[in-house]
Amino acid sequence: MEKCLGVISAGNLENNFGALCIHRPVYMLPYGGRYRLMDFSVSNMVNNGIKTIVVYTGEKIRSTMDHIENGRPWDLDRRFKGLILFPPVTHGYTSNKYGDIPQFYSTMDFYETVREDTIFLNHPNIIAKVDLKAAFKYFKETDADITFIYKPQNDPWGEYVNCEKISLDEDNNLETMGMNLGTEKEFNMFIRSGFMKKEAFIRLVKEAIEKGDSDYLLDAVIRNKDKYKINGYRFDGHVENIRNLKSFYDANINLLKKDVARELFYQGGTIFTKTKDEPSTLYTESSKVQNSLIANGCVIEGTVENSIIFRGVTIGKGALVKNSVIMQKAEIHDNAAVVNSILDKQAVIGEGVRIAGSTLMPYVVEKKQVIRKD
Amino acid sequence: MEKCLGVISAGNLENNFGALCIHRPVYMLPYGGRYRLMDFSVSNMVNNGIKTIVVYTGEKIRSTMDHIENGRPWDLDRRFKGLILFPPVTHGYTSNKYGDIPQFYSTMDFYETVREDTIFLNHPNIIAKVDLKAAFKYFKETDADITFIYKPQNDPWGEYVNCEKISLDEDNNLETMGMNLGTEKEFNMFIRSGFMKKEAFIRLVKEAIEKGDSDYLLDAVIRNKDKYKINGYRFDGHVENIRNLKSFYDANINLLKKDVARELFYQGGTIFTKTKDEPSTLYTESSKVQNSLIANGCVIEGTVENSIIFRGVTIGKGALVKNSVIMQKAEIHDNAAVVNSILDKQAVIGEGVRIAGSTLMPYVVEKKQVIRKD
Amino acid sequence: MIENKVVAMLLAGGQGSRLKELTKKIAKPAVPFGGKYRIIDFALSNAANSGIEDIGILTQYKPFLLNSHIGIGSAWDYDRNVGGLRILPPFTSEDGGRWYTGTANAVFENIDYIDEQDPEYVLILSGDHIYKMDYNELLDYHKENDADVSIAVMEVPWDEASRFGIINVDKNNKIIEFEEKPENPKNNMASMGIYMFKWEVLRNYLIKDDENPESDNDFGKNVLPMMLAEGNKMFAWVFDGYWKDVGTVRSYWEANMDLLDPNNTLNLYDKDWRIYTKSRNLPPQYIARGSDIKDSLVNEGCYVMGEVKRSILFSDVIIEEGAIVKDSVILSNCVIKKGARIYNSVILEGVNIEENATIGSEGDSHIYMVSDKNIIKE
Amino acid sequence: MIENKVVAMLLAGGQGSRLKELTKKIAKPAVPFGGKYRIIDFALSNAANSGIEDIGILTQYKPFLLNSHIGIGSAWDYDRNVGGLRILPPFTSEDGGRWYTGTANAVFENIDYIDEQDPEYVLILSGDHIYKMDYNELLDYHKENDADVSIAVMEVPWDEASRFGIINVDKNNKIIEFEEKPENPKNNMASMGIYMFKWEVLRNYLIKDDENPESDNDFGKNVLPMMLAEGNKMFAWVFDGYWKDVGTVRSYWEANMDLLDPNNTLNLYDKDWRIYTKSRNLPPQYIARGSDIKDSLVNEGCYVMGEVKRSILFSDVIIEEGAIVKDSVILSNCVIKKGARIYNSVILEGVNIEENATIGSEGDSHIYMVSDKNIIKE
């Protein structure tokens, strides 16, 4: 994988996440008690031997910079190679354009000078512990220009409408790619990861700019699919496709399933994230915790059930937290009740306050919002 | 100085520098053979014991991020404290505002939580090796809210028109601050550096936002000057106030004066910058170099006079470089002549080409521009 | 020379043999403590939080795990290329190699290192103690008195005073006498083994001490008494926070248990004085349905299905269904299998306790140290 | 285990006494070379450029300057908290401390370190040599042959072959015989002291060698011959680039002068294979009016007012007006005062040459090494 460059490009779906994405891009959403979504992308690449990773940050760059610390958590704070952030260009040709093509184009110099000859494209809002070494081997052995990674997704309830759908011929070559509208109960979901020869990538971007016909790389691929050998690599593991508030909530709660937690947290290597130096979590005399994932640095005096508790959360005596996602340093005071909710960082639920959403539409408390009884 | 926070805020003067600032902010202009302007600001703070430095990057952030490497050259790539970049906020309240006040306001959380109680404000386009420890002592001893650093500037030719001018009473307290229009042959030039109590800074920013009367911190200071104790600290060393192409060119050429070079390069500690691992410079049989500053990694076969040559420049046989500033990796081919010019990075002057500007208006060759004889 | 520059020299060569199996493969400073730390983390974090920029770690005995724990010092923000943290094992010069013969000798052998940093003060620390201290307070005190050396001392119970190096002072806290483990102590102020020296003074005495063939090259026994005898200005600085030298298995167990007391003065949750340690990047702990945890500290990567009371679980510990853990310290990577019952125990790293096994009993006055080879009762 | 993982062990304990004053205070790997480097930079940069992620530096003799040059390895991008570069001096364990007794023993004593990295291959390097080599080529060759060890060799002039360890091979380059400095060499292929081992094979032989009380614990003398005798698959890999072991003052001077040859094969300007070194952050060199520099390499911080021909100036060298420097190597921080004339010399760090002094003469066949104490003529 020495010759492969990781490229993380996230697009802008912030509007689907309401208050949770006012100050952060989607890939910076907290996940799994101590991580951000992007930690899974970056860690999986690093664990599979990718040494250089570029991130197109989008505009809300401050939270990204604070979290990424120049790549330190992944040992990517290097003089050579390592993690490189590309904030959007806000001047010149590309400044008023939508889509990833103008951003890729604004960094063409970089692609033309690096020694890597393959690009691994990744969308950080989709979590999947793909064995990238095996996928890369397939890409090389089939001598494809592009190999897309997909998962056969069973979807009887139409939960995956609007996700990317691809179809392949019997030799696994790409036939079509479009948006899933739920016409079939099972479809091949493209997980927006894949390998691409660098020369194909550069040509696709440049031609798209010259012809002015595509703002997005995937559009450019479809338009030119007959010019390239494009095939699919099948992945059968767990996938979390986080595209709105509901799927974000579910993805967190799914980690209470032993198999899911084991696959996402352990399979294929450690997930690295920014270290916070919290002490262990303290359970007092009055605590009662059942079926929950608890990060370090918490002090738990109340009752917690079926919930994900991030670092440094305090839960007071007589308080109840159920089916909820409680982010870093939130405070739930004595005798409060929080059910089917998402509390953003440093939210405060005052003594005796009761909040509840539904599992279909969790109640969201904004960052630093304080809810008190009056 | 442990309790003092460095704040670098540069404003936007890019338009005064033409092609040199298409892709970089002014503080990233190459200077002195191997540095960028901001290296002098950051190094001087570090050498005086300031441990935390924040940089308001402005919009052209990619070159800044590449150069700063998370603070590595200054040993500021730290887990705690260190160098912090604040790119402009492009969403929410502050996104469509001019001036530094909205940017400071967008980072109020930061100021309110850091333990430092003093702010050292610095404008990186003005180079001066001020003894900050002594200035800080003066600020503390006079118990000022704000201490501005100024230089008595002799200016018989009006070269410093448009620079900031201050006047002080006999106790060194601020009377007025405004723009120098050259009405006096000598004036007190404010070098846009100074110390400020953090509480005064926070109050000035917040009140400016509430009243909506100032977009710039200096304006807010003037409007409220009677509410604070503001005095001046006199600096008598060399100052380069780089505010347009001519002053940029002159500041480089001035380094050929032994006294200037000694003060700016050595006094008060080393200037740190990004390391490039160039080997030594090779002078061949045909080289002839006089009164020039030459960085490492060059191969010099031609004649160089009164010039500043950056890292990795090649100067071919029979070529002449005179009164010029030649930036990194520029190539000057055999028998070319470059006089009174500024070559940006990787510019190429083809064989036999002759270019010349005047010392009042140097000829500028853009980054990567290739000039060939046809 | 930067004004007031302090270089810390941290003595981390101690063997700590009374800790038995805990120090069989590692030096005492590398012993795990408090759910996620190693003992040396306290001195290192104190130094980092006190703003000390240069620190030398003097290692000798079995440094392997300590080296890999400290790495290049990233956890404490000491990973600087110039200055920062340096591990200083013995080395060889023209006249052959010399192992460190005592605490003072270890520093003496590294005079070159200290001179390169060019400090005004040298702070001697030990990697064996658990405490939180702002060394700036000691430095300020040292400067106020213009002392040649200032020694941190603390009150110990009178009946334990004869176990310590006792320091007798005048009314200004100027030191007038050292008594090493006196039978009839005149005083209950014990030296904590933390010394702030003027470097030029210490430098001279290190050389003088080295020239004395009779000396054991120890600070407490040789260098400090010699300095006192020769009339140097020596002051005692009184510290009154939490401090523990975990010398025995029982005191090790007790110090861990102290952390479960909500009023303990070693507040690990203090955001202004974090204790840093190497991060293992483990996922959160999972607490299953049917489990019962009370009055306990649990670390990342644990999987708890059984009952845990008044106990400390280090990382990656599995407590299976029906297992009971009470008043115990379980180090990393242990598995307590179904139905096992553990009381008053210290279970060493990676030990598996078989199904339905029992160690100790409720209300037992003994402490048990359990390794994969044996159980030591104390 | 990561596939094909290589750990490099760099032997940097060499004393290099034939370099005289150059190695009086420092180990040979720390000797300055080529205007801005130290000799060890070449092996370290080769390792970094070859993508080797873990490297242990085995030090013993006067490691002080070497330690401060290497720091935590930032210049070579080895400053990682886990893995990366580790300096490995001798240490002590239960059975007391042991100094490294030979090249193989130094690696033997650090088996724990290597095991922790869990490599498939171990690459043994020396910090004494000046060369550029992509160790991946050696690795690929090693894997193709499924060899137990592959040794990098190079052709030396026949008349010098008896100064080297000569390696005799069959037509497939399989090693059939070692001859240590043979009087009548059968071959002119000399071992470069660069070995790629399968770790599991090397590990066994290191233990076996350690158990033999007769052994000098040296790779060339003991371990490799034993492996050959016992029928291991050993191959020679032929290297044909620039390589120099600067063993004497003259060869040191020559190797420096080689760099002024525009056709020299050690191209320092190659952007694809940079040689990295600790940066001193000095300002550019200033070349004054009236100076005359030709065929020379000049480093940062120099101030040249005089005449410099076919010479190498390290950093911060001052050549005053009217001074002449020809065919010489001037190390850092020297001042060549007005009217002084220097020919065929190596001037050691920080030496001041007085006004109008003369050393050597134009066309002289001797080399002069000038320290602040004496001038050695060779």
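Going by the order they are written in, the chains are A, B, C and D; count residues from 1 in each one.
Following the convention adopted for this analysis, contacts are C-beta pairs under 8 Å (C-beta built on N, C-alpha and C of every residue); 3 or more make two chains touch, one makes a residue touch a chain.
From a predicted model like this one, the values you see are computed outputs, not experimental measurements.
The interface with the greater count of contacting C-beta pairs, when B-D is set against B-C, is B-D. Centroid distances built from C-alpha atoms place C farthest away from subunit B. One inter-chain figure worth recording: subunit A and subunit C are separated by 41 Å, centre to centre, where each centre is the mean of the chain's CA atoms. Between subunit B and subunit C, the centres computed from C-alpha atoms are 47 Å apart.
Within subunit C, residues 74-75, 80-82 each touch two or more of the remaining chains.
In subunit A, the positions touching at least two other chains are 72, 79.
Residues 32-34, 72-73, 256, 261, 265-266, 270-273, 275, 277, 279-297, 299, 304, 308-309 of subunit A touch subunit C in their complex. Chain contact summary for the complex, subunit C toward subunit A: residues 34-36, 74-75, 260, 262, 268-269, 274-277, 279, 281-300, 308, 312-313.
Note for the complex: subunit A touches subunit B at residues 22-23, 59-62, 65, 69-70, 72, 77, 79, 85-87, 89-92. Contact residues on subunit B toward subunit C in their complex (touch as defined above): 2, 49, 75, 78-80. Taken in their complex, subunit D has these residues touching subunit C: 59-64, 67-68, 71-72, 74-75, 79-82, 84, 86, 89-94, 96-97, 99, 112-113, 116, 278.
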